[in-house]
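Here is the structure we will look at, set down as structure tokens.
Labels for the chains are A, B, C and D, by order of writing; each one numbers its residues from 1.
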Amino acid sequence: MNGYTQDRVAYLKRLRRIEGQIRGIAKMVENDEYCIDVLTQVSAATKALEAVALGLLDEHLRHCVVQAVAEGGQVAEQKVAEASAAIARLVKS
Amino acid sequence: MNGYTQDRVAYLKRLRRIEGQIRGIAKMVENDEYCIDVLTQVSAATKALEAVALGLLDEHLRHCVVQAVAEGGQVAEQKVAEASAAIARLVKS
Amino acid sequence: MNGYTQDRVAYLKRLRRIEGQIRGIAKMVENDEYCIDVLTQVSAATKALEAVALGLLDEHLRHCVVQAVAEGGQVAEQKVAEASAAIARLVKS
Amino acid sequence: MNGYTQDRVAYLKRLRRIEGQIRGIAKMVENDEYCIDVLTQVSAATKALEAVALGLLDEHLRHCVVQAVAEGGQVAEQKVAEASAAIARLVKS
């Protein structure tokens, strides 16, 4: 079981909505809509993706990392290092 | 005509690829794949979207803004203010 | 003359304030204050720096780029390419 | 003791360097240096601050959060929620 498993349906819904946003942006480009309007939609989709990432990360810390730490040992250390690396990728993306 | 019009086909291709990335992420969530692996894909999709935004913005400056400025007057000022606002949204997203 | 020249005093004031924020963060680290409180101040300083960057960029577009474009030729193209590169660095930082 | 306590000297050194970068940027503004050059330095300082934040966060997870989780109970939950909120502020700044 993963951190997000309980909220899987909600995450799927959010991802479908983002997929729709991207498809909408492609439609705008196809229709040669105004650059700034396209950019506004790209920023909105980026923000939505970032929100999904922050949600997944929170669940991951609250479930997977906490459980690994509770069990202790090397796996716990690995999980924390892995979470830190994911946070760094997120901050830089 | 918009800044990106000449490269429309390339932008559509990139957007289709990002749409596929989002669909892939939804698939991973459906299959209950490991949080960190999902997050890695979300970071990759965010980066790809950001690259599209930077491309669109560059084209917008090089074509729409330059043209408006060449024509001068209030429209030029508006275009620059509008571009600045889009840049701010991008930096904050 | 640069884009920000007219607002130089205001920018200097903002930069002094950010310098003070950084010094305050160092003080917190020296006093071994709580990590999360230090992080909150680092986020605030980062936001303030980003706001300065967006301001400088806006002035640059409104003055330097507009003037170069009005003069036309290769310099105009260079200025736009240079601005795009600065925007990309900003978005990625 | 905080997560970063052992590396305090190194963090102080990095913060002093960032403080110097900000002072250097103010000097550039004072000398009316070229906007894009100022922006390049602002991006560099922002990146350096972000790296400090990621370092502090990693230490915080590895020490404070892990310890709280090992002790268990409500404090553990609080620490994780607090870390998530700090990550969100960082991603958005």
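Note that in this section a contact is a pair of C-beta atoms (placed from the backbone, for glycine too) under 8 Å apart; a residue touches a chain by one contact, two chains touch by 3 or more.
Worth saying up front: this structure is predicted, and the values here are computed from it rather than measured.
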item: Chain whose Cα centroid lies at the greatest distance from that of subunit B; value: D
item: Whole-Å gap separating subunit B and subunit D, where each centre is the average of the chain's CA atoms; value: 28
item: Centre-to-centre distance between subunit D and subunit C (centres being mean Cα positions), rounded to whole Å; value: 17
item: Subunit A residues counted as touching two or more neighbouring chains; value: 50, 53, 57, 83, 90, 92
item: Contact graph of the chains (line, ring, star, complete, other); value: ring
item: Subunit C residues touching subunit D - in the complex, by the definition given at the top; value: 1-5, 8, 11-12, 15-16, 18-19, 22-23, 25-26, 29-30, 32-36, 38-40, 42-47, 49-50, 52-53, 56-57, 59-60, 64, 82-83, 86, 89-90, 93
item: Sites on subunit A touched by subunit D in the complex; value: 50, 53-54, 57-58, 61-62, 65-66, 69-70, 72, 76-77, 80-81, 83-84, 87-88, 90-92
